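Can you read through this structure? Questions will come right after.
As written, the chain order gives the labels A, B, C, D, E and F, with residue 1 at the start of each chain.
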Amino acid sequence: MAKVYESILVSKPDAVPTPDCGLWTLDCLAMKAHRVREEIMYTGEQLRSLWIYRTFGVEGDAIAWFAGPCDVSGEALVDQVDAAAKDSIRAARMMHFVVEHFSGDLNHAILRQRLLVCMAAEVLRAEISGLRRVGDDLFVGEKKLSVSIATASPVSNLIHLAVNIDPTGAPVRACGLQEFGVDPWRFAERLVAAYVAETERMAKARCTVRGVP
Amino acid sequence: MAKVYESILVSKPDAVPTPDCGLWTLDCLAMKAHRVREEIMYTGEQLRSLWIYRTFGVEGDAIAWFAGPCDVSGEALVDQVDAAAKDSIRAARMMHFVVEHFSGDLNHAILRQRLLVCMAAEVLRAEISGLRRVGDDLFVGEKKLSVSIATASPVSNLIHLAVNIDPTGAPVRACGLQEFGVDPWRFAERLVAAYVAETERMAKARCTVRGVP
Amino acid sequence: MAKVYESILVSKPDAVPTPDCGLWTLDCLAMKAHRVREEIMYTGEQLRSLWIYRTFGVEGDAIAWFAGPCDVSGEALVDQVDAAAKDSIRAARMMHFVVEHFSGDLNHAILRQRLLVCMAAEVLRAEISGLRRVGDDLFVGEKKLSVSIATASPVSNLIHLAVNIDPTGAPVRACGLQEFGVDPWRFAERLVAAYVAETERMAKARCTVRGVP
Amino acid sequence: MAKVYESILVSKPDAVPTPDCGLWTLDCLAMKAHRVREEIMYTGEQLRSLWIYRTFGVEGDAIAWFAGPCDVSGEALVDQVDAAAKDSIRAARMMHFVVEHFSGDLNHAILRQRLLVCMAAEVLRAEISGLRRVGDDLFVGEKKLSVSIATASPVSNLIHLAVNIDPTGAPVRACGLQEFGVDPWRFAERLVAAYVAETERMAKARCTVRGVP
Amino acid sequence: MAKVYESILVSKPDAVPTPDCGLWTLDCLAMKAHRVREEIMYTGEQLRSLWIYRTFGVEGDAIAWFAGPCDVSGEALVDQVDAAAKDSIRAARMMHFVVEHFSGDLNHAILRQRLLVCMAAEVLRAEISGLRRVGDDLFVGEKKLSVSIATASPVSNLIHLAVNIDPTGAPVRACGLQEFGVDPWRFAERLVAAYVAETERMAKARCTVRGVP
Amino acid sequence: MAKVYESILVSKPDAVPTPDCGLWTLDCLAMKAHRVREEIMYTGEQLRSLWIYRTFGVEGDAIAWFAGPCDVSGEALVDQVDAAAKDSIRAARMMHFVVEHFSGDLNHAILRQRLLVCMAAEVLRAEISGLRRVGDDLFVGEKKLSVSIATASPVSNLIHLAVNIDPTGAPVRACGLQEFGVDPWRFAERLVAAYVAETERMAKARCTVRGVP
């Protein structure tokens, strides 16, 4: 759309369309959702700035999701609590979400992450009884269902959330969507739709509130 | 504690205590939770900077809660969508939460508000079947259970969340905690405890994550 | 769009559409352009937060434009250089642009204002020989063609740019679009289209650049 | 100047000069402009924090300019759109501008870059007919005259703008100042003077405007 | 200076001076120090944005100082601890410093205030034995020598520091420069010179440090 | 404390304690002070994000102190003025302070550093006559007593302050605490106590001041 206006502006000034109505909305860089059909092993390398753009050509704030094994350890750990404990993050197959926002700071990223995890619980609750959220983790009983981290890059903020499909290999007691009969792709699409809609709704709320003294 | 060190530093330098262990933690301005025992009618005037400090003497990031009627209309409306629609916010009795954070911007405030509403749903879900969250609202079926707004003051960010106890007088179809047999004070204490703990956990997460390239 | 997903999410989970392609873009709160057909006298009251939303129902970052007289003086002056000089801003008829952005600080607002004025000059140059930009002002020879100010509100940043159509009554030597045979509405639409496109292009640039050491 | 006051303050307190007038202005860290007389090949290595200070000893916000060939490709590309397209940036000789600002964020940097490119067009327009600006690029007809990027470092923001003198070797249709008879050094000095003056004028505007409700 | 370049740029492009050396520094909006010769009663009204500019025509970051009585109470109190205690701030004659910075947030303002008070103590220590600083207060023994507050306005940050000359009328045990034989104007000039030099030195430090991993 | 509430919230909702009084304060991530008993050679590697957490397990804003030699040169220098001069920083034994704050920007870090150095002077003044502070350095006569730097990491701000105990090996004229009979550990504890108390006091000031127009 921008291109259209550029060429109009510069070379065919007479052709600027007069909008029919008073309100005239152009496309913008909306948050995008990108489903990756191939399996990807998550190793922590995916949690870096512009990984979504470089890998899939999707520009701007985005959430990408894919299924695949998980194996993060040593230097690749971003959470220094895990690193200090020499923990690793492993599972045979998880549904991974990588989120990148190009505005805000690390506190925003952590708040958005908590909201994303809350929403994952909202989506899953009907299908998994006994599901509970503790901070950025999901549990069923004492078994861990998910892992998550939020961090900052030089140009953006990033979130990784992964929900076990098959928890085999996890270093702690864990469970997976498979054993609860949850379709991981259906779950993912509902979570993504909800997160993108919530992001949009918060953007509108930001622009329709007055300050107070 | 600060005072103690001041006087030590200035007038009795020999008396500085040598901590026994290597780790030495002083009190700080933690988030505080303040239950108000008297009933207060919420009119929107409570949503201003330092209201909690001026009224209750509680300084710093804080959440205060109280029960009382609600009557906000006209100029007092902070949400300009409501103001544009000439809506009002009314109920015979609600459980009110006023939250003030002295760091962050309006986007932080909106994210914290959504998280607070998610957590209210988490606390209530076991007792109210059919509860659902849509943005910053709680519904049971088609009936509205709560109202909420987040905004900025010149020195802080503020959130108001109110959950109907008795929805009589509400301008839309509404329901209240009373009809579901939920003890509003028990609910409030659990929500407040959860929100303060989440705030603390996020503060720790902020300080134990490394950046990524 | 958000509403659709909300209701899908909450009440009809089976109905979530599977996007056909991997890339799935939702609507967002794009910058909006709103032409006001009635004449409005600009008095400075229009330069306040949410004026565009309250008056026209257009939410989010927006540029509104209208024709009308201009009369700003005394307390209504935002530029304290003018206020100190006891200046006033007057003209019989101007093309007014009011811009509101809900992100960034006052420095962003001033940079955006300069860019807007540069672009006004780019649009007008073909039709007005001898046009020159000095800071946030446009001149033709020694005659002033425009006025502008950028400032901050508690929740947003605001720009006012006004270009004389008929400069009668201006307190300084001035000229207007009329005498150069420029159609003010054609000019306005071209400027608005260019500004919105530039805003979008900058948003994309923000999201496709890596940091440097 | 700072040194003078230090020594006065500490060792010769009696010698503090009483200013003659009421207004007393000290030197400060103004934006500096540094012309580099030797030719430098621009490879992208110059676009890093403190390059101007380390190379020329010029501290603080600064713009440095020099002539030289350009050859940026592969890992050195900062614009990930170019990197994704496996583009390179090449020309036999360009006039390069490297700008570093130690305040603001990446959005400020992009706004400042657009303003710099607008001003380059303002300076060149009298000498090059058919010049047009599209975002951060200058064109004459369909031929590209310039390249530019804005990015962030850990301690500052950086802009590179380069205008072809001799476009030989460019990977796209390009033109250069030479073919239009423009003296590249005269052009550079006028652009730099204008940019520094604009920066100063914006700093003054920032400090003489009141907020609005 | 800006004006000179503007006119050169626009109307006499041939006249741009070629700087003799490679380094070319323009004037900028340095921090300014303004001594007010008339006595002013400080009532709290002076602590508002642009008061220095509106009253004295001094634009940009500035420190103004003057002697006069002090009488602040009720609504005029900015410190809500004082307001809560229904305190007032009074003295027969004080040396007042009003500082305005147009960058940074309220935390910066508080840090700058503490630094200013530390520096006041550094300047006075040679002449007043037993002087001690506690937070933003100066004491001699148990007697209070000064008052101070830091706050934010919509466009700037502000500091008020006042040191008693004659403490008569103070609501607490207090002392003044007079009884220690300190010349208040000499003191003020040395403090102002030191503060402005420190500000400049910090600005340079900001621009000559690299980031760390 | 957070853990307690988590488990209460999720698994034993009936057990939530009703606070006895209206005011209910939870632990938070206060600034921590950590004395390191082993000697460490400071090489500049210690000035990186999360070094305190990774090395000592102390999370959040913290100040750690230890004694040891100092040897920083070449690439390890953070101050580019030193690097440009090919200086090095050396001493046989110093008392080192490493401070990390997880909020604020580089300007905050520099202000905090100046305050820390002011406070070191306040603590030492009674024991060392002729001590003076110049910017971020302490001198006794013409001999340098300390070195300091403030910088930013991707997730925090960092300060290093080191005060000579035995200055042997320093590249400039220097002195040390030893020759003045100052106990370095006593000094360190008093400085740390004062800095932590000041930090807390500023946090309270931040939350008890209203804005001004």
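The rule is short, and it goes like this: a contact is a pair of C-beta atoms (placed from the backbone, for glycine too) under 8 Å apart; a residue touches a chain by one contact, two chains touch by 3 or more.
Nothing here was measured: the structure is a model prediction, and the numbers come from that model.
Under the contact definition, chain A and chain F share the contacting chains B, D.
Shared contact partners of chain B and chain D are A, C, E, F. Of the two chain pairs examined here, B-F and D-F, it is B-F that is joined by more C-beta pairs in contact. Look at the CA centroids: the one farthest from the centroid of chain D belongs to B. The chain pair from A-D, B-F or A-B that repeats the A-F interface, sharing more than half of its contact pairs by residue number, is A-D.
Chain C has its Cα centroid 33 Å from the Cα centroid of chain A. Chain geometry summary: the mean Cα position of chain E and that of chain F are 26 Å apart.
Centroids built from CA atoms put chain F at 47 Å from chain C. Averaged Cα coordinates give chain C a centre that lies 36 Å from the centre of chain E.
In chain A, the residues that touch at least two other chains are 6, 49-50, 53, 80, 103, 106, 135, 151-155, 201, 206, 208-211.
Applying the touch definition to every pair of chains gives A-B, A-C, A-D, A-F, B-C, B-E, B-F, C-D, C-E, D-E, D-F, E-F. Those residues of chain C lying in contact with chain B across their complex are 6, 10, 50, 53-54, 57, 154-155.
Here chain A touches chain B in the complex through residues 47-49, 78-81, 103-104, 106-108, 110-112, 114-115, 118-119, 121-122, 125, 133, 135-136, 149-154, 158, 198, 201-202, 205-206, 208-213, going by the rule given at the top. By the touch criterion stated above, chain C contacts chain E in their complex at residues 80, 83-84, 106, 132, 134-135, 151-152, 154. Those residues of chain C that touch chain A in the shared complex are 1-2, 5-6, 8-9, 13, 16, 18-19, 22-37, 49-50, 53, 56, 58-61, 102-103, 123, 126, 153-156, 186, 189-190, 192-194, 196-197, 200-201, 203-204, 206-211.
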